[in-house]
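What follows is a single structure, written as structure tokens, with notes after it.
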Amino acid sequence: MSKNDLQYYESQQCSLQWRAFLNAFSAEFSTKGDLKDLRLFMHQLGRNMAQNLGFQGGDSLQLLEDNMNAIWGRMHWGWVEVNEEAEALVLLHHASPLKAAFGEQSLIWTPALLEGIYASWFEGMGMDPSLRLQQKAGDSGIAQVLVFELKRQVEESPFFGRR
Amino acid sequence: MSKNDLQYYESQQCSLQWRAFLNAFSAEFSTKGDLKDLRLFMHQLGRNMAQNLGFQGGDSLQLLEDNMNAIWGRMHWGWVEVNEEAEALVLLHHASPLKAAFGEQSLIWTPALLEGIYASWFEGMGMDPSLRLQQKAGDSGIAQVLVFELKRQVEESPFFGRR
Amino acid sequence: MSKNDLQYYESQQCSLQWRAFLNAFSAEFSTKGDLKDLRLFMHQLGRNMAQNLGFQGGDSLQLLEDNMNAIWGRMHWGWVEVNEEAEALVLLHHASPLKAAFGEQSLIWTPALLEGIYASWFEGMGMDPSLRLQQKAGDSGIAQVLVFELKRQVEESPFFGRR
Amino acid sequence: MSKNDLQYYESQQCSLQWRAFLNAFSAEFSTKGDLKDLRLFMHQLGRNMAQNLGFQGGDSLQLLEDNMNAIWGRMHWGWVEVNEEAEALVLLHHASPLKAAFGEQSLIWTPALLEGIYASWFEGMGMDPSLRLQQKAGDSGIAQVLVFELKRQVEESPFFGRR
């Protein structure tokens, strides 16, 4: 697939009806706070959204993935791969409309929306409270795949006890 | 047309892709400020959006209306009627997606988005600086038609207290 | 609701992606056969479509209506009311995209598509073989509501037998 | 881009509203005639569609391509590259919705729709009558890029049997 094909497909990921609004929102909103605030607001929006998406959980990784993708497919929000790794459950979210909707320069904070949705879904399934779902640190957000990890929250320092 | 038909048509005005996001945005955002702040932000968003909608103005009322509706139709944002009255140019915006997108309870502030767009468009055509475009005071926003007026801004009088 | 609002809503019932194709199909196809052939083809298309829409039936009129509307809503094909009358089950299909897609002049044959879908759905639920689902005779198809009836097939003539 | 990404993007190229209809149309219609008839009907449909797409021609290859892509982009029908070669003008149509709409097995006849549109557009620009626009012979139609050529129609020789 050529670079042009990819550009075409990406550009089509956001419905024309809201593209201008979401672009303006992103431009306007990013002047209103620092990166941490922006991510916090988007994360909270995601949690709020999650309540109305009708996620039904799933007893196996496959069912979990299928039920998530039933929602994402219906919404045209791309698709997710759920992989089990040694220390974490890793979610790879492909073809999200975030770049087309909010612009490439906002990909450092807009994926917190998906983070909030996934966090809310996993908490709703009664996950162990020591676990936490977060976008992978260092995930530039520029790549076409967004990476989220569900893993034990490691404290930053064994001495000073803060994470 | 029955009430049910109307409900169906209204519900279809917002694309499924962003409905959950926009509903969550509206719920979250309305807790962040008072009515004036919310309207101000939306008005500003509208001005920002207006820059990218490619409005070309128009030499006659009919052409003005046609050029606006070419944009609204393409975006699925309803349609506008432009009427000349004695003291004002009146814009009646029909079938906007604001109610379906942001919820009925937010119609007291979300139409400021259209206000910002129309204000930016008229200013861009070099309108007389004494004129101002505003949503009609008392327009409940609940009705299906949103009313905007372009008219002379009367100065507030220090003596008589009315503008 | 004004006549203009209705026109706007109707015009929006068909996605832009296929409107030109479906209009051309309708114009081209209507020259290929007489009314009976056109209706037969559309009815057959409807039966074919029905197989892939995932209709689950329903034990009560309300459930039947809900399950049908879950499908119609997802497809943006309007909504149906199912009413029980003395001699028939009557389906009123509102806000279908047929007029916007195929043109008003084709409304004499295009509703056979819905007829085929409903017929297939009712047969799939194991309805009494003496019953038959048909668009109501005399339903002009021009009105915004299309009427289908499920009722006992009356023989045309007690003397000349069955059709 | 992974194979899964491509499958996702392709599947999203046809609006949900008409996918079931177009799939049923393709299945039903392909039983009604041989390959030549199917292609002829689609080619004719394409010519009919072309009349309503508002193509404005173009004085240069770039303008031609831009004006075509303005239409394809608005309709979500992919995009085209126009290349000049020694003996032909070659059009590469990418990311068309034909596969998602009508199914992979119909790609041997459905591209005749695009052929009819392009043929009508070039004829409308007053091209030399000795030229003819056709889908490239041997273009399997399975590939993601459909190839059309505008070139001099070589007469079939009664002696040598090949054109």
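So that you can tell them apart, the chains are marked A, B, C and D in the order they are listed, and the count of residues begins at 1 in each.
Rule of thumb we're sticking to: a residue touches a chain if its C-beta (ideal position, glycine included) is under 8 Å from a C-beta of that chain, and two chains touch if they have at least 3 such contacts.
Every value quoted in this text rests on a predicted model; they were computed, and no experiment measured them.
K.L.:
Please report the minimal path length, in steps, between chain A and chain C on the chain touch graph.
P.N.:
Graph distance in the chain contact network comes out at 2.
K.L.:
Would the interface of chain C with chain D count as same or different, where same needs over half of all numbers used to appear in both copies?
P.N.:
same
K.L.:
A-B versus A-D: which has more C-beta pairs touching?
P.N.:
If we tally the contacting C-beta pairs, A-B comes out ahead.
K.L.:
Nearest whole angstrom, what separates the Cα centre of chain A from the Cα centre of chain D?
P.N.:
Computed from C-alpha means, the inter-chain centre distance equals 38 Å.
K.L.:
I'd like the Å distance between the centres of chain A and chain B, where a centre is the mean of that chain's Cα atoms.
P.N.:
Distance between chain centres, rounded to whole Å: 32 Å.
K.L.:
Could you tell me which residues belong to chain D and also touch two or more other chains?
P.N.:
In chain D, the residues touching two or more other chains are 74, 76.
K.L.:
Can you work out from the touch definition every pair of chains that touches here?
P.N.:
Touch list across chains, by label: A-B, A-D, B-C, C-D.
K.L.:
Taking the complex as given, what residues does chain D use to touch chain C?
P.N.:
14-18, 20-25, 27-28, 41, 44-46, 48-49, 52-53, 74-77, 97, 101, 113
K.L.:
Which of the residues in chain D end up touching chain A in this complex?
P.N.:
1-2, 4-6, 8-9, 12, 76, 78-79, 81, 94-95, 144
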